[in-house]
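Listed after this line are the structures, all set down as C-alpha cells.
The following pair of complexes shares a single chain, subunit A, combined with subunit B in the former and subunit C in the latter.
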Partner chain A sequence: MEEFEDFLDAGGVVEPNDDMPESYRNAVFRFIELHANSEYMGGLTERDWIPKAPGMHRKLTALAKTQDEIGHAHLLYMVAADLGIKTREEMMVDLLEGRTHFHNVFHYRVHSWTDQIAVAYLVDAAALASQQAVFKNCSYGPYKRILRRVIAEEGFHMRNGEEMMLLMAHGTETQHDMMQESINRWWLPAVQLFGPDSRPGDELLRWHIKSERNEVLRDRYVQKFVPQLLGGGFVIPDPDLRKDPVDGKWKISEIDWEPLKKTMRNGGPDSARRIADARTAWQNAEWVRKALDSSAQVPA
Partner chain B sequence: MKTYEVFLKKSGKDPFTHAGSVDAPDDEMALTYAREAYGRRSEGDQMWVVFRGHVLVADEIELEMADRTHKHNDGQLVAELRRATSGNES
Partner chain C sequence: MVPSQEAHKLVLSFADDELCVGQNHSWWIAIGPFLEEDLAFTSIAQDELGHARALYSLLSDDIDQLAYGRDHSEYRSAHITEFLCHDWSSALVRHVLHDMAEQVRWSALTNSSWTELGNTAQRALAEENFHLQHGLSLLRRLLSSDEGRKRLEPVVLELAPYGREYFADSDQELMDNGLLTVSMADQERIWVDQVLEVFDEFNITVDMSEETQGSGRSGIRSNDFATLHDEMTAVIQIDPHAQW
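Presenting the complex of A and B:
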C-alpha cells in the first residue's frame, strides 16, 4: 500500500487492468457509482420538465439536458463496471431497490419551473465545481477521461441555468418572487451538496480521487454565488449570512448535517417517490430491452 | 449485452482516439448507442465501434522492455562536438 500511495503521490495514473489495492478499487467504484446514480436520477427529473417547460426553445434545451444526464450515467456506469465489482445491470437494480445512494439534491421535490431553474443554476454549478475538483488530479484514468466530457456538458447546463435565472431576475415582479421562493428552497441543498467538512484521513483525498477538501469547495461556492444572487436582487435564505470584516469573505451559518445524513440514506422528503418513479421507468422499458436482446440473437 | 469500444476522429489531422465504451445487444444498436453517447454534438466526423472481444491487447511488459537507447539520439554529443569545432575556428 505504501508503494502504491507513493506512486499516486508522484502523479501515477491507475488503469482498469493494473494491480491496485482492493480498498482503492472499492473506493473508486463506490465514488463513480454514486456519481452515475446521481446523473441518472437527475436525468429523470429533467425529463419530467420537458412537457412543462415554457416554449419550444426551453423544451429543446430540457430535452438536450435530459439526454446529457442519462448519457453521463451510461458512460459512468461503463467505467464503474470495468472495475469488476458489479455489472451495469446490478448497479441499476441496486439503485432501484434503494440499496445504493445518489446526491442529496435529487431527494427533494421540484415544485415549479423556477425550482427547475434554481436546480439548473445553483445545483448544477455545485455539482460542476465538485466534478472539476475531481477531474483536476484524479488518479483513476478512465474516470478522469470521461469527466472531461461530462464537465464540458455540465458547463452548458449551468450557462442555461444562469441565463434563465437572470431572465427571471429581470422579469416581472411575479417572476422575481417565484425565483426568490425557489432560491429559498434550493440554496441550502446546493451548499450541502459538497458534504460535511472532509475527515482528516479522508482516503479519497489521500488517493488523489478528490483534489480539494469539501469545506474548501463549499466556501469557494459561497464566495461566488452570494454576490451573484445579491446582484440579481435576491435574498439569501440564511439569517446569519455575513461578510467577515477581517478577510472580507462571506460566512454562512453553521449547517446541521443530521437531516442530510438521513436524506443520503434515501430517507429524504421525495426519496421514495423518486426511486419508485425510476423503478417504473425501468420496468416500462423492459419490453424494449427484451425485444433488442431477442432480435440480436436472430441470425441475419 | 456486449461491450463495444468507441473511437472518434475529430478535425482532419487528428488521429482516432478512444472515447469510451458502450453496452449494446448487437452491432447495429452499438453504432446507434455510440453515436448517441459520444457524438451528440458532432464530436467526431468519423467513428469506429469495435467489439471489445476483438481488441487485441499487447503485453505491457514487452512494450516497457523494448530497448530504445540505440533508437534515439539526444544530440548531446553532437552539441559538444559542434562547440569543440567552433572553438577550433576562432
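Presenting the complex of A and C:
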C-alpha cells in the first residue's frame, strides 16, 4: 500500500487493468457509483418540469440539459462497471431497491419552474465545483477522462441557470417572488452538497480521488454565490449570514448535519417517491430488456 | 412570406404534429427501458421539436405565441400525435408510425416551389433516416420475441389506422403551384404500403380500410390534447406577457 500511495503522490494514474489495492478499487467504485446514481436521479428530479418548460427554447434547452445528465450517468455506470465489482444492472437494481445512495439535492421535489432554475444554477454549480476539484488531481484515469466532458457540460448548465436566474431577478414581481421561494428551498441543500468538513486522514483525499477538502469547496461556493444572489435582489435564507469584518468573507450559520444523514439514507422529503417512480419505470420496461436480450441471442 | 392560405394550413398541420409528438416524446426522459434508449428517444424528441420550431418560423416571428398561445380549436394536429402514450409500447409504435409518415411528408416537400420550406424539408429528412433506423430496428427486434409481439401487436392494430390522418390536408392548389410535389393521396398510399409491409414481415395485418380516423385537421381535438396543452403551457400561463 505504501508503494501504491507513493505512486499516487507522485501523480501516478491508475487504469482499470492495473494492479490496485482492493481498498482503493472499492473506494473509487463507491465514489463513481454515487456520482452515477446522482446524475441519474438528477435527471429524474428535473423531468417533472421538462414538459412544462415555458416556450420552445426553454423546452429544448431543458431537454438537452437533462439528456446530458442521463448521458453522464450512462458513461459513469460503464466506468464503474469496468472496476469489476458490480454490473450496470446490479448498480441499477441496488439503487432502485434503496441499497445505495445519491446526492442529497436529488431527494427534494422540484415544485416550480423557478425550482428548476435553482437546480440548474445553485445545485449544478455546487456539483460542478466538486467535480472540478476531483478532476484536478484524480488518480483514476477513466474517471478523470469522463469528468473532462462532464465538467464542460455542467458549465453550460450553470451558465444557462444563471441566465434564467437573472431573467427572474429582473422580471416581473411574480417571477422575482417565485425565484426567491426557490432560493429559500434550494440554498441549504446546495450548500450541503459539499458535505460536512472532511475527516482528518480522509482516504479519498489521500488517494487523490478528491483534491480539496469539503469545507474549502463549500466556503468558495458561499463567497461566490452570496454576492450573486444579493446582486439579483434576493435574500439568502440564513438569518446568521454575515460578512466577517476581519477577513471580509461571508460566513454562514453552523449547519446541522443530522437531517442530511437521514436524507442520504434515502429518508429525504421526496426520496421515497423518486425511488418508487424510477423503480416502477424500470420494472414496467423489464419485458423490453428481456425481449432484446432474447432476440440478441437469435443468430441473424 | 407565406405563399397562400393553403400553404399556411399545410405547414401549420405539420408543425402542430411535430410539436405534439416532440412534447409527448419528451415525457419519456429518464424513465425509458434503459439509459441508451433514454438518450436516443430524447434526441428524437429534440429533433421533432426542432422541426416544429423550423416550421412555425416559416409562418410567424413569434414562435411561442403560435406554438402555445392558440385556442384548442385552432390547432391542426393529427390525433395520433396528441395521444399521451404513457405506455412505452404505444410510445414506440407511435414513434415508428410518425417517423415513417414524416419521411414521406418531408420527401414531398424537398423540391417545393416555396424555397424556405424545401430547405427545411431537406434538413429534416436527413434526421429522419436516423429516427427510422432507431425505431424500426428496435421494433423489429421486439416483434421477433413472443413477449414483444404480445405487447406490440394490439397497439399496432389500434394506432396505425390513425396515421392516415397525417395526409388529410387539401392539396389541389399546392400541387398546382408546385409547393407540394407528391399529392396527399399518393403520400398516403406510399405510407400505407410501407406500414403494411413492415408489419407483414411479422404476419400482422393492419386494417386500413376504414375511413380516416380522427378529425384533428378540422379543429376537433382528441381527449388527450387538453392534458398535453395544459402541460406545455403550465408555466407560460402564469404570465403570458413575461419573458421566461
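A few notes on this one:
In this text, the second predicted complex is superposed on the first by the 299 of 300 C-alpha atoms of A that agree within 3 Å, B and C clash if a C-alpha of one lies under 4 Å from a C-alpha of the other, contacts with A are read in each partner's own complex, and residues count from 1 in each chain.
By definition in this document, contacts are C-beta pairs under 8 Å (C-beta built on N, C-alpha and C of every residue); 3 or more make two chains touch, one makes a residue touch a chain.
None of the values given here were measured: they were computed from a predicted structure.
Considered on the superposed subunit A, subunit B and subunit C are sterically compatible, since they fit side by side.
Shared-chain residue A:I146: touches subunit B; no touch with subunit C.
By the document's definition of touching, both partners, subunit B and subunit C, reach A:L292. Touched residues of subunit A were counted for both subunit B and subunit C, and C has more of them. Of the two partner chains placed by superposition, subunit B and subunit C are both touched by A:H74. Chain centres taken from Cα atoms put the angle at subunit A, between subunit B and subunit C, at 80 degrees to the nearest 10. Minimum C-alpha separation, subunit B to subunit C, in the superposed model: 5 Å. Annotation: subunit A residues 67, 71, 74, 292, 295-296 touch subunit B in one complex and subunit C in the other.
Of all residues in subunit A, only 40, 43-44, 46-47, 49-56, 58-60, 63-64, 66-67, 70-71, 73-74, 77, 113, 167, 171-172, 174-175, 178, 277-278, 281, 284-285, 287-292, 294-296, 298 touch subunit C in the complex they form.
Subunit A contributes residues 17, 67-68, 71, 74-75, 78-79, 82, 88-89, 142, 145-146, 149, 292-293, 295-296 to its touches with subunit B in the complex.
Listing the residues of subunit C that touch subunit A in their complex gives 23, 26-27, 29-39, 42-43, 45-46, 49-50, 52-53, 56, 63-64, 67-68, 88, 141-142, 144-145, 147-148, 151, 231-232, 234-236, 238-239, 242-244.
Subunit B contributes residues 1, 3, 19-23, 25-26, 29, 33, 36-38, 40, 57 to its touches with subunit A in the complex.
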